[in-house]
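Quick one: structure below, then a few questions.
Labels run A, B and C following the written order; every chain starts at residue 1.
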């Protein structure tokens, strides 16, 4: 039993998610990611079942583990009580904490998520925040959102929100002392360490790739990871 | 015992008092009927108590049996011939109590009658898995999802297999492992006979409807018994049945009531969608719920799979932990008809030996 | 299709939903995109049903989106959830109800994890104490806000001023119901009706006069996929999932789509717009889209609230065709006015998708 396997097996979600796979395929049959990507959740469980550290390390560096949408459809169907979706969360956690995520195009995207959703959790107390959802970064949100964004305070007021104000209510300003508590929780539970790992490994990788990465959202590396798609992620026909 | 001949109890009381059977058999399926015949041949007095209105159990409902596809009625007739005139069958009986005395058992029924015998054979068999419990397959909701048992009925009645709209199906899918090998429905075991039943029915469908495409979706092909593997080969080579290794994940209904099935072809590693006219669910065995009452009444035990545990799985497979209580057939778990007949005869032999030890 | 078969399954999956004294935690996506829905939830519970519903202003996100896009570790998320429970305890409540479906799934998963691994719960308690000084009791009842509306669907139905019926034809409206993945996929027993034929939204539709439409891709994820949407390079996944659903439901000509997850209505709404821009396809009649509603929006319409108080003006697929079918009056001139009745301009119209 390798070190890497043992590390994964220490996670309760791994214990819950990996019983024994008989390769029936009901997970892959229903998986949305398997419809569009060269991905089979069955394969993930199969590889983990081998306990082979080398195979697991390849997995952590691959594009493969980043295709899953964590919809958990696989969990509903598995006749052995496995949960490929849960195992993916364990693999992604390890991939980031060990720095392997920067070896894949999809894995490198984690920095963009950390600098948006991750930071907003700490700065606002929400995973999303209206002023941050820029229409130009989200053309798919449509002209209504574009209009809403332009008039956000008035629209929020019209719809009954308590935007940026104190007290209870929609999109209220979460008091600083509560945001401080969240930061402390992150510090104590490894959240800050995870954020730092994502940053540090990404900076290292950007250096290796010779691409500019500063602390903002608008540099070459950030643009690259946000938009780059090799078009090579689909199943061979 | 010496030379003194002791008249058996029943001869002394032959006219005035109801004769007690020596063996009471619970269940008039193939196991109970076979054991009854074997015991009668050895001169024993046997009474069978059956809960349904008709004896014959599940075999009475099957059309043709694997692997040779000979009629099930032939087997049933043969077994019955052995029993005829020598064994009493009481149908429509519901047992609500069993008292174990020192030397015999009294069985009490809901109808208010009671029967006493020196040996008890539990041959109460099995039920088929209720397919609606596998919710994602849509049985009982989508009209064109049917079970293997319903297919047998269609064939036994000499009818053609049709869709819900009365049309001939152009493409059917047989689904293996329905209700078996499935933690989600609480049955971890393999039901043993469904794979070969699926192969048999695939051939029968092709026989009846040569133009119909037949696909079988399996996890493993359990072709363990004599002639099974050859039947599988025949299904592919002679009849063009296509076998895809992937368990059915979901079934949904299209506007025209045809069915959309989602599986993965695990051998090529590709998810698969298919539109079919009929989905046939190969339902497995589950323990007969009424047997649970017998287990409680007699203090027997069941395995984790819910079937009764014999005294020893290898060499005392027909005995229980209670002296005088015997087991035969699918009450112990999934079994083929040939297995069951052999098992019932073995049980009869055990019972015969045991009765000979009694005064 | 035999609906009887579905009813039998619905009966098997009943769950206990608290009937009062709710501690409410908000949804990140809904606060951003459907704020009026959360507002309406409070109004329905307080004003229509006379219930006690409470929000502690110190509460935050559960970090669900961060957790499911894998930037936030499980340990951190569990502790943030524990903090929410601590706020509930401190506020004197025991019935926890979430606005977000991902939250609901997450809280359920975490409570189950603590149940099976008590050492994990002990560690989380310790960490929460260390980080914040707080302690918590676990909720005695956990529900999703749609469970609560489901529970009171009869009461809402009795007060209804409008039914889910086409005023012109007299026919029930054809309603697609879409359940968020994290409602019952992991723990079918925790969802009303289970995972295959959930009843939480179907029950509302039936109670208020509509017809529930089943279609082949009913159970398919809308495609949020967390990281599959957040990163532009991945959005094809998200869009494709929704497209599968639209293509599958279109032949059944639904009048509306009802959802109970925060993300799903947003995606099912926006992806219709995106597909119309990319391909010119629209899924409703005559270049219209299929309106997508939250359960508060639908309950609000049925109860007779003003569509612009319900936030329908910020939908990209306009709800006007549905309002017309239901015979609900609305003032188009007031659609894009602010609270004081002043104009805020108008959004631009899309290229193909009809806009009002």
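Definition applied: a contact is a pair of C-beta atoms (placed from the backbone, for glycine too) under 8 Å apart; a residue touches a chain by one contact, two chains touch by 3 or more.
Here the structure is a predicted model, which means the values were calculated and not measured.
Here the chain at the heart of the structure, going by C-alpha means, is C. When the C-beta contacts at B-C and at A-C are tallied, the pair with the greater total is A-C. Each chain's centre was taken as the mean of its CA atoms, and the one lying most distant from subunit A is B.
Once the centre of each chain is set as its mean CA position, subunit A and subunit B turn out to be 51 Å apart. Distance from the subunit B centre to the subunit C centre is 47 Å, each centre being the mean of its Cα atoms.
Centroid to centroid, with C-alpha atoms defining each point, subunit A and subunit C lie 22 Å apart. Shared interface positions of subunit A, defined as residues touching 2 or more other chains, are 35, 76. Shared interface positions of subunit B, i.e. residues touching 2 or more other chains, are given as 136, 250.
Residue positions of subunit C touching 2 or more other chains, listed in rising order: 195-196, 219. The residues of subunit C lying in touch with subunit B in their complex are 1-6, 8-9, 194-197, 214-219, 251-252. Considering their complex, residues 136, 177, 181-184, 219, 245-250, 262-266, 269-272 of subunit B touch subunit A. If you check the complex, the residues on subunit A that touch subunit C are 11-13, 15-16, 32-33, 35-37, 66-73, 75-76, 83, 89, 92-93, 96, 105-106, 109-110, 112-114, 116-118, 121, 125-130, 133, 137, 140-148, 150-151, 154-161, 166-172, 174-175, 178-179, 181-182, 184-191, 194-195, 198, 225-229.
Taken in their complex, subunit A has these residues touching subunit B: 22-31, 34-35, 40, 42-43, 76-81, 235.
Contact residues of subunit C toward subunit A in the complex are 26, 28-29, 31-32, 35-36, 38-39, 55-58, 60-61, 63-76, 78-80, 83, 105, 113, 116-117, 120, 127-128, 130-132, 134, 181-182, 185-186, 188, 195-196, 219-221, 223-228, 230-241, 244, 270-271, 273-274, 308-309, 311, 314-316, 336-339, 344-350.
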